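Presented below are the structures under discussion, each in the form of structure tokens.
Look for chain A in each of the two complexes below; its partner is chain B in the first and chain C in the second.
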Partner chain A sequence: MNNNELHKVAERLGVSRRTFMKFCTGVAATLGLTGGAGVQMAYAIASPRRPAVIWLSAQECTGCTESLLRSTHPTLENLILDLISLDYHETLSVPAGHAAEEAKLHSMKENWGKYVLVVDGSIPMKDGGIYCKVAGKPIVEHVREAAEGAAAIISIGSCASWGGIPAAGPNPTEATPVDKVLTDKAVVNIPGCPPNPYNFLSTVLHLVTFGTVPELDHLNRPRFAYGRLIHENCERRPHFDAGRFALEFGDAGHKKGFCLYKLGCKGPETYANCPAIEFGDVGGGAWPVGVGHPCFGCTEEGVGFNKPIHALSDVKTVTPPTTFPGIAEPVGTGVTPGAAALLGAVGGAVLGATAMAVKQLGKLEKDRVSDHDSQDNP
Partner chain B sequence: MTLEQQAAHETGFAENPGPVLEAVFNAILSERMAGLPVVNTALAVEAVGFQAWEGHWLGVLITPWFLNLLIVPKAGSPWPQQFETGKGKEVVLAFPQGEYKFSPRREESIGSYLSCSLASPVHEWKAQAEIRRTAEDVLQLLKSIPVRAIEPEQAATDNGQEQPASQGCALSRRAFLGGAGAAG
Partner chain C sequence: MSHHQPIGGRLFTAPFLFLGILAVIALVLLVDRFANGLAAVTNLNDGYPWGIWVVYDIVVGTGFACGGYVLALTVYIANKGKYHPLVRPALLASLFGYSLGGLGAVIDMGRYWNFYQMFNPAQMNLNSVMLEVGLCVSAYSLVLFIEFLPVILEKFRADVWRARLEKVLFIFIAIGVLLPTMHQSSLGSLLIAMGHKVDPLWQAQQLMPLLAIMTAMLMGFCIVIFEGSMAAVGLRQPSETHLHRGLIKVIVGLVAAYLVIRFGDLIRRGALGGAFEGDLQGNMFLLETALFVVPLLILGSSRFNRQGRFLLIAAVSLLLAGATYRFNAFLVGFDPGAGYVYFPSAAELMVSIGIVAIEIMGYLFFVKLFPVMPKHQQAHA
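So, the complex of A and B:
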């Protein structure tokens, strides 16, 4: 592997080598890794061995796929599609019918024990799983079969992670999240409706580079993306702290950009990095709270699709500070571990800013930023 | 609030801003926050440990709905333009313990200040003494200089960020004399 190959992959992605390296370093920083990890990632991406991905869709709306493909930064979707070998995806497959099914089975056989299984949508379990069938077979069987040979399993979206809309009451199909079906397997949850493609990409990049998934929280969500409450980094937070609330849509407070808590914002009980990287990679400050709608709590089990939008957040789901990442302890003091953990978590949140800078790269590229990468880049 | 205090916020606080902060946020508590589920009724408004630091007041503000690290202007010290408010604007300040993101704020009766959210909501603290202890510890940690032991091979790879947490004063004589960058 040499610089030439990095050049080639950058060309393939339609960006400069410098942009490509910056992107990798930024992703590494978002993941809480050092700059060296970014270089490793760049080489992993440049490697001709691309991991096979089997993407199964259960009870879903295709929103997760849409958000992945419609990202405003072309680098993201190019990178995702370039990075992986998407051997089976019902929406994107070239073959159809029996040929598609054959392609899937062939890829699974070829890559047994090595491929990544991605599932979007919840799995209906009632009446033998007959309410969602693909190729004449309940989706639960497809998922179980594919899980057997998977090196890693990712639940993308809230339906696959918690059940989402299909599981909301009265749940006529007994819609079940993937990790409740594959109880003997490790499943990474990337909830969101839809989740930001940047979070999916960062997780996959970690997997491809290091062969392991990034650090997870107690609900198996990557900690880099779901480590802090939306409320804690919210752009409307100064208004919350000062008790200035919008009381109705369109009232004076709403027009002034006051806090949306009294309109039912679930930011105080929802863990996600939306304030830092926004929602669905739409860009331009567009995320629910940014455009004046209360957070819906889509990434949080038992909040999105379960609590009414207007209901006041009742703040039950609080992560104890002892589970936050730690920081260097000072010498000769007896401070409580909670305080150190708290400060560590707050410090880690700064990394969101790096993700933001990285997301601007696609734009920079369009502006034809001069490129001297062969001289001044490692 | 006295006229004297009123005047203070335009030019910064000559004295500890704690009492003014407490008065302002107690008023917010009784006027606009009363009865909300985000309010932890076991806690009270309290300004903890405000001391002059790098020319301004650094301290922690406890309220029943947030725990924030605050930097409030001190009279006579310049307040940089980039610390003024703007939509979604943030500034990152590097402390010895790491980098922390502050949002520039402006409140009537306080003036401009910087705020870094440590926690909100604050339901996990069951008593004022508990959260006060956390606030004091946070300030102590923040002002401490981290001391790290240098392993020879780590110094060789020159990868400071990957080093494990401090091991007290377990520096070798060589590492101590050579400094972090030159050791090994």
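So, the complex of A and C:
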């Protein structure tokens, strides 16, 4: 791609060429890819054929969409709407009612086998799925229909990934994650409540650029985002290791930024990259633990919305020891009379021995000189 | 035909037994240290993880043990064969100085049971100055033992083995010159790593390794004079003053060069003012400087430097100067901040004293029973 083409793309997206390239490189870095991948991404985004995206919303709160809209890496909302062709989204679509439904069907027919299906929200299965209906049809049927012709399926948010809030006990609607409904399809899970928009965006860009999804873990989560415990990269981790814990909100330890483990932080059992990429693009520390609230494990099935917020987490790595070094370490005792006397005695002994030796050496030398004299003058 | 012989005489004299008592006290304290941990015996704390055991037994002790190193340099590198009679006693003292320094390191280690990992390439931290010092000191202790081995083989008349060993001994002598050059200068690098915790009077940054190796050489030459003089007085050995006088020129040169570099650096960094503030650090610096300068005056005067007793005074003064420099840089001028203070406990001092006692006892044992000392010339008898 030459400079001119890049310039045209940048113009179309309403950003400068430099901003556009920085965005692509930044996304590549989030994915753990090389700088060269950023160029490939720029090329993929600039291609005139943008992949169609069908976004279905089931039992959800629109938090995932809201979060995505607020990602403000240089004019991201422009880019997300321009780099893909978002053909159906209940919150964002311009048409409504029958017109919106028709646009969806038209796009699916046109792009059969090539479009990306994104689902947020869990699927109610009880009583034939009647607890969530769109266009007079249970959502489960919409999802199954759209999945038939999808090139890739992404579950965004904890509800779609493993059930989330709707699936919390007693789960009155039998809320079910997408991959349990589409058991014969490969579904990429991007859990979180809401998930970090950049984890979603990076996955989509990987798909657009390379035609494949990024490397996944055993729960089909992208490894670049969910490969490590929050605990492992947490900025408060040294406090955990040293046994410095906040014991209640507003106490001295909490004010000093100590570890929130004893307030119920689920970082030690939750896999996500929150401490590394944070939220809201406002700089350091803007994520739950960073601002002083324990992580509640939103991305982790069986933790978020299941465990009490202030219950202790099961530490997956090293459990904290039962005894810790004190916060105020002893700073040592100064000189004691006994030690000073002993040191003085040593100094005295060295000087004394030297003095004795000097005296005797002098005597020996004098003797030798007189010996020499007596030998020389017999 | 050997040029050395045991000096004989009774081993268990009254001073020897006194030293034995000091050694036993140290060993009892060490039992306490290993049973109840470092805090039971030492005043070490988080700010001062190194106390007198490291600073005396290793940093200063190995400086005192540089006699073998500088004589190997003089005899084998500078090819001054006339100093050969001084080599064996110096090697013996170095062997004790270094092996007991190594022991000092182990007893000072909080987790001594992991010590062996230092020799495991998979566990090495190649960025660590300590690794260099640790490996080098342990290798050099081994080399010193091999260098000293002919004495033991001679004693037990294992002539075949001795002949075989002496064929390859030059390799070990060469390594024995290389290793102290490396680790003695690394003792200075340790202080670079400590950065601003070291008082500006001593924090000479990149010059630190040079100052460390120069003080090591000085202490090495002076310990040779000190041991020779003490042997002349205490063990009724013939005086070696005539040999010691030959070392004056190189000692004067070293002290002068050291002082020029030391003060040049202090003036360049504008740190000299700290010497006159009247605080502990400033006064210790003045004491250290005096201990360097006074011997320079003695040795520079042709009236004094022909007499063995003044040579001894100068040598002791320089030994104390080197020791004070190292104590100052590692302890007196070392402030980890956060209110930490350190002064060795009486028990800690007793362990160091006991280790010195063991060194002297070992030295006496070997010179009395093994062919270490040069054979008397008839004229001296």
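By definition in this document, the second predicted complex is superposed on the first by the 302 of 378 C-alpha atoms of A that agree within 3 Å, B and C clash if a C-alpha of one lies under 4 Å from a C-alpha of the other, contacts with A are read in each partner's own complex, and residues count from 1 in each chain.
One rule holds for everything that comes next: contacts are C-beta pairs under 8 Å (C-beta built on N, C-alpha and C of every residue); 3 or more make two chains touch, one makes a residue touch a chain.
What you see is a predicted model, and the numbers here were worked out from it, not measured in a lab.
J.: Determine, under the contact definition given at the top, whether A:224 touches first (chain B), second (chain C), both, or neither.
T.: Neither partner.
J.: Identify the partner contact of A:257: answer first if only chain B is touched, second if only chain C is, both if each is, neither if none is.
T.: A:257 sits against chain B, while chain C stays out of touch.
J.: Determine, under the contact definition given at the top, whether A:115 touches first (chain B), second (chain C), both, or neither.
T.: After superposition on chain A, A:115 lies in contact with neither partner.
J.: Contact-wise, after the overlay, does A:237 reach chain B, chain C, both or neither (first, second, both, neither)?
T.: It touches chain B, and chain C stays clear.
J.: Which holds for A:20: it touches chain B only (first), chain C only (second), both, or neither?
T.: Neither partner.
J.: Of the two partner chains, chain B (first) and chain C (second), which one does A:245 touch, if any: first, second, both, or neither?
T.: After superposition on chain A, A:245 lies in contact with chain B alone.
J.: Contacts for A:313 in the overlay, against chain B (first) and chain C (second): which applies, first, second, both or neither?
T.: It touches chain B, and chain C stays clear.
J.: Who touches more of chain A, chain B or chain C?
T.: B
J.: Which chain A residues lie in the overlap of the chain B contact set and the chain C contact set?
T.: 329-333, 335-336, 338-340, 342-343, 346, 350, 353
J.: Flag every residue of chain A that touches chain B in the complex, lowest number first.
T.: Where chain A meets chain B, its residues are 34, 36, 229, 231-233, 235, 237-238, 240-245, 257, 261-262, 268, 285, 290, 312-315, 318, 320-321, 326-333, 335-336, 338-340, 342-344, 346-347, 349-350, 352-353.
J.: Hey, which residues of chain B end up touching chain A in the complex?
T.: So the residues of chain B in touch with chain A come to 28-29, 31-33, 36-38, 63, 65-66, 68-69, 85, 87-88, 90, 92, 97-101, 103, 105, 107, 115-121, 123-124, 133-134, 137-138, 140-142, 144-148, 159, 161-162, 165-166, 168-169.
J.: Touching chain A in the complex: which residues of chain C?
T.: Within the complex, chain C touches chain A at residues 43-48, 229-230, 232-234, 239, 241, 307-309, 312-313, 316, 320, 338-346, 348-350, 353.
J.: Under the stated contact criterion, what part of chain A meets chain C in this complex?
T.: Answer in residue numbers: 329-336, 338-340, 342-343, 346, 350, 353-354, 356-362, 364-365, 368.
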